[in-house]
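Each of the next two complexes has subunit A plus one other chain: subunit B in the first, subunit C in the second.
After this line comes the complex of A and B, so read on.
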């Protein structure tokens, strides 16, 4: 679950770097170390949990959804990370689910009882209308980013990270990482004109089941004027539970 | 000098009254010609690019300022009937140049496919080449899936909101024809046409609102003309609304200008009357004698009349800012009368005769009153150095106003007292007990008082980081105006934001290229440009090939077979697609789309129709024949050979986009909320990045905020310096000048802190409060120090002057507080800030200044009085 959250918290998009942002090898290696620490923070192989997703639009109208989630990290045999999110509220979305296995995303609509494999381009877009993208679920930041340390503060690293993938929407992001637990507390996304267009905050960071987890993550989409809050139910987060692979199957989506 | 003035008044009081009457008559003539100017553009410096582009646009483009008529009713039939039968007659003779209430159906049917992007043309191919309803619905399903559900993303759905709502209405009608709904062949053919070129009338997706656009070349500066035009249109258009069962509301720049003018005039009158009544009540409570309250009102009235007359002479109009001057001058002007009256009544009670009492008024308080007025006038006048026109006018008009009310109070009031001030008064000192208590505290517990003030000040400072400058125009706009309320409903029903930016292009090619670039900007929702009707030649050429292939695939006749089973399956697939679309829309917050689809799905029309295809076979066959044959005919006749040029576009459309000087206008509607600070910055940076000439309400307000923020800060600094200089001249002592200013620094810091704690933001109207708080608030310290220097003791300075400054603070607060009743939110926010600031300045001065003097006296650093 934590991985899911941190991945949520860490939107991936991409563009080139350089110019004023040249990065020395030494600096890149240091940043990579920090990113690996971020990935390893509270490491786990499986997690389950319950969460509330609230989307507040520019006219302050709120849409509330509840969901259960399952996540299993890739192994040597089955390399792909797998995740399943199933909506439990409201009634119109109950049973609707999103399954991610590696780069593939399936969307199941319970009311139409249809499963749809989403197009690859869909990964860069918004996830079900939220401020998060499907890409967020498959971030491997030590592999996907290079960057530099802008500030080394007492309690934080302030990083400027550039995505390796040139097809991403953002040019770079500014990340504030807590040194004590390697949680990215704030991520700001900047476009080609150096204008901030998205901002993610992790709050309510607590120790749950032996791991430090941000229990609330908000993503503010400035272009849409929309904020998505993803809030985890602390008592329902579990780690290292047994999850069979067939939970993450297309067949299971319809259950 | 003040003795000389006193002597002049006691000897020549009748002449002073006569001259005042003459000056008042002249001023009243000017006031009768004074008009309100509420156009925000008028407040910006003339050299600003936004203003220059706007001025250019308003002169060149007919469609620049549109009167939008919203016709609301229970069903679209009554709305369309009203539009068809009544509108053209109702608007005659009211200065309207052109009217639009229908789309250019003929042009769109002929050239519509040339306007569709290639990708979309490919997605639509199945629908357009269908020879049966089964094929058509399959094409519709394929289109929905390729465009929306395959990506599982509601972003595109948001971008296509308007088209999607229109498409869903057309789909809803179409499905109805296949079900139980009886339809004429005309209705079926119209529905078929709508799939190609959209609906004929501009009716909202729920069928409850229709729009009409009226264009006028009337200049926004022609305030009277606008008022007459909008009044006339409103009368004409609303005259028969009940007969048609509709409600008609007008909006748009001209209408809002009229509405805002009416609202401002109402605010001006209401606040001035309330302010006057409350000020006189405070005066009455303070002095307890009706005659003197009435006498104080006369110079107040006269001073304000002179000030308004001077405003007419200098500016000719009142702006959003100067409209506040009536109530402000009542609150500030009465202070001078209070100081005069306070000493006068005191002296009369001590048994002095009238001339002697008046002479003592000038000896004891003349200098303090004039210094106080000068510092206040400086507070205002400093606005005149701003390049922000709104501030300039405000500063000059109010600065003049203060001088006028001062002159009326120190010349006319004593002159009137010479005639009407014979009665001795038993002054009811209602504030005396409270002041005595303060006197006790500041004299006996000076250090404790200073420590308490310091602690409160430091605590308040923690709120300062939360203070923001609002970028939301709605924070200053009036509440409850019908034109503003209907604007919100239009936004909701048509996704048509009234806030937009206009970009001017020099050539048609530039305008067409600009549309493509704007479409790619993430913050842009809709672009209204001639390019919508006229794509580039290259795009047209590329699309022609696609259209030719579509035309080649179109059969000559509709199939005779309806393929019942396949049609049934496609209808069920359509239901599934609509369900998935509605869920995407639900999560994406597209509430109108959700409602529209839910209405279709919940009516179960698709389920019922699919079940009854066999039963309704004959009727569906007839619908297929009319629908498909019309579709085939229209697609076959669509233009795919002649490249359309500017003059092929209907004249009514052309005139909207091309200016008299041959330039082209594109209107950009934002995707997000333009009044949200982060989005506004992003949107404007993207638009400015286009490198074109741009203007519009969003950039103008943004510019006003930027300029007013910078200028407000500058004015504050200039005010502090100038007032400090005046205080140095007045006291000829750095120590006392600093002492008078010290409470102002504490007041400003505390005020900012309180704003932060309570979430009060600055806007371009209330920012003017800061220099004014300094200009007005410093008077309290000036009066206390002057009185101390004259008496040589703290106690009488607090007791006697404390009473007067308590009354002046109360009158100032109730006068500014009257703006809380205004409809303009800018006035209300100004009132909140300035009343809080003046109250803070009063308490800080009353507790701090005497405490510090007490300590100085105790330590032997005080002064034993300048003179008695």
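After this line comes the complex of A and C, so read on.
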């Protein structure tokens, strides 16, 4: 009986089971390495810049929002990735801000002058009416997902990633990662019925300030026929600027 | 205060004119009220912000309308190391509750204002110091000076408000993914025409985060008035499913009573409710990024009176927002809602065009 238990524990350890998708520990470790490289794509620890978010709905009506953003990747001292987005246009949204520290997201509504910590269910919701969810802002791929390599092509890894948190809206993602610069060129989101319902693309990949980065990221919501373009202004993006941790606090949300 | 406001306005607009960010709002507003005449009006506000220097920002907000002409904000913020010092008329909003906030005492917002897109919080002349430390830790200290103003709620109702000075401290941090804040407020005596609310010392607690099951949002606020022994608390939860967002709040009002035969109408003049227990559910549906539909109910559990309301909020374009807000009030003659029905009738419908530039 004891041997059987040991064998059972060993099997659980080496082959986590996700329906028909079996992932060996070795493969999971390889995928984790790719995801760490993917998170470090662009080779920067801090960045600031201006961006435009364009939402185009199924009837081709366009809504434009402008924002300034600050981002600092986690370090050994402060493990959490941190980001702050402050909207500057249109006038009705001016001052509205979103702060992300690790898994926590705070939303500042300029109109009500209040800061709210978003609940887990709120994170699945649409960010500012776009096709991006708040969850998309705080994704830490190497920690939040486990997966396998389904194709190892000359220029790409094709990964199938499962969220560790089974409460996520999607069942799994198919990710196409460029080998030359570790940029995730395409992420497809699949629901419980194995139907693709969202698709994120990185385009306009350029060398800026010695780093290869995507200047446009689009999220296509297939169910609603809505697409959101998040476009970074090449002229205003800066890397490795000094950003103290206290920039990512309620202090700057209300600025 | 007016001199300071004029000085600030000149400073904001003339000296560094190129760096002042101005946001103007104009609201065309009409209400159809069951037992009152149609009341159209134009109102709005002009907000000027100067934030071109790393160590200083300045804000100025002037609100205008048929019954309103006032300065809500005239403040300068000094940013020094880990501290922000704000001097002048400022908006101080405390609490994480959605509809009601027991700890929002210094310049509290009126009940129901969360559903009014035209609402702008009053300012209070104050000095506040906020210290920001490791992570999300924050300590806030506020001295709010005496207040004296005649407030017109409508064409026939004016209240002479006089507040003595307040002093408050708030300590906030994030523990285990929950925002937690402790509050102490030394609240001065307040008079609302002939109604007096005595001074008190208030201890408060605020917690918000996500419950460990079903991803439900959770928040609570409590305020314990140490001198009079009154307690207020609010428990709330919310959940998002797809494009729907629902919230439910329960409010326990220690100032009110569960017995409708001994309701104290003076509480209404003080911005308080007369009952003891309330349930406030809301449901919002985001049709798309331009159109949001919201329904809500405000239920006095003790006397059964209820109001049902809705907000249809449509962004015609980036600058123009169209809002329709119907409200139905029901309750027996001796209920809290019933007393409102006697004054305004069973229904109110407000239509608003809000232009922001």
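By definition in this document, the second predicted complex is superposed on the first by the 232 of 255 C-alpha atoms of A that agree within 3 Å, B and C clash if a C-alpha of one lies under 4 Å from a C-alpha of the other, contacts with A are read in each partner's own complex, and residues count from 1 in each chain.
Heads up, the rule we're going with is that a residue touches a chain if its C-beta (ideal position, glycine included) is under 8 Å from a C-beta of that chain, and two chains touch if they have at least 3 such contacts.
None of these values were measured; they are calculated from a predicted model.
In the superposition on chain A, A:249 makes contact with subunit C only, not with subunit B. In the superposition on chain A, A:96 makes contact with subunit B only, while subunit C stays out of contact range. Contacts of A:193 after superposition on the shared chain: subunit B is touched, whereas subunit C is not.
When both complexes are overlaid on chain A, the residue A:130 reaches subunit B and subunit C alike. Contacts of A:222 after superposition on the shared chain: subunit B is touched, whereas subunit C is not. When the two complexes are overlaid on their common chain A, residue A:112 makes contact with subunit B and with subunit C alike.
Once the two complexes are laid over each other on the shared chain, residue contacts for A:25 go to neither subunit B nor subunit C.
In the overlay built on the shared chain, the residue A:167 is in contact with subunit C alone; subunit B does not reach it. The contact surfaces that subunit B and subunit C form on subunit A in the two complexes overlap at residues 55, 57, 61, 63, 92, 111-114, 116, 118-119, 121-122, 125-126, 128-130, 224, 226. Of all the residues in subunit C, the ones that touch subunit A in their complex are 21, 23, 51, 57, 82, 84, 91, 93, 95-96, 114, 117, 121, 130, 132, 135-136, 138, 172, 174, 177-179, 208-210, 214-218, 238-241, 243, 245, 286, 288-290, 315, 318-319, 321, 356-357. Interface residues of subunit A, counted against subunit B in their complex, comprise 55, 57-59, 61, 63, 65, 92-93, 96, 98, 105, 107, 109, 111-114, 116, 118-119, 121-122, 125-130, 134, 191, 193, 195-197, 220, 222-226. Looking at the complex, you find that subunit A touches subunit C at residues 55, 57, 61, 63-64, 89-92, 94, 101, 103-104, 111-114, 116-122, 124-126, 128-130, 167, 224, 226, 245-246, 249-251, 255. The part of subunit B that touches subunit A in the complex is made up of residues 149-158, 522-523, 575-577, 579-580, 582-591, 671-673, 676, 678-679, 681-682, 685-686, 689.
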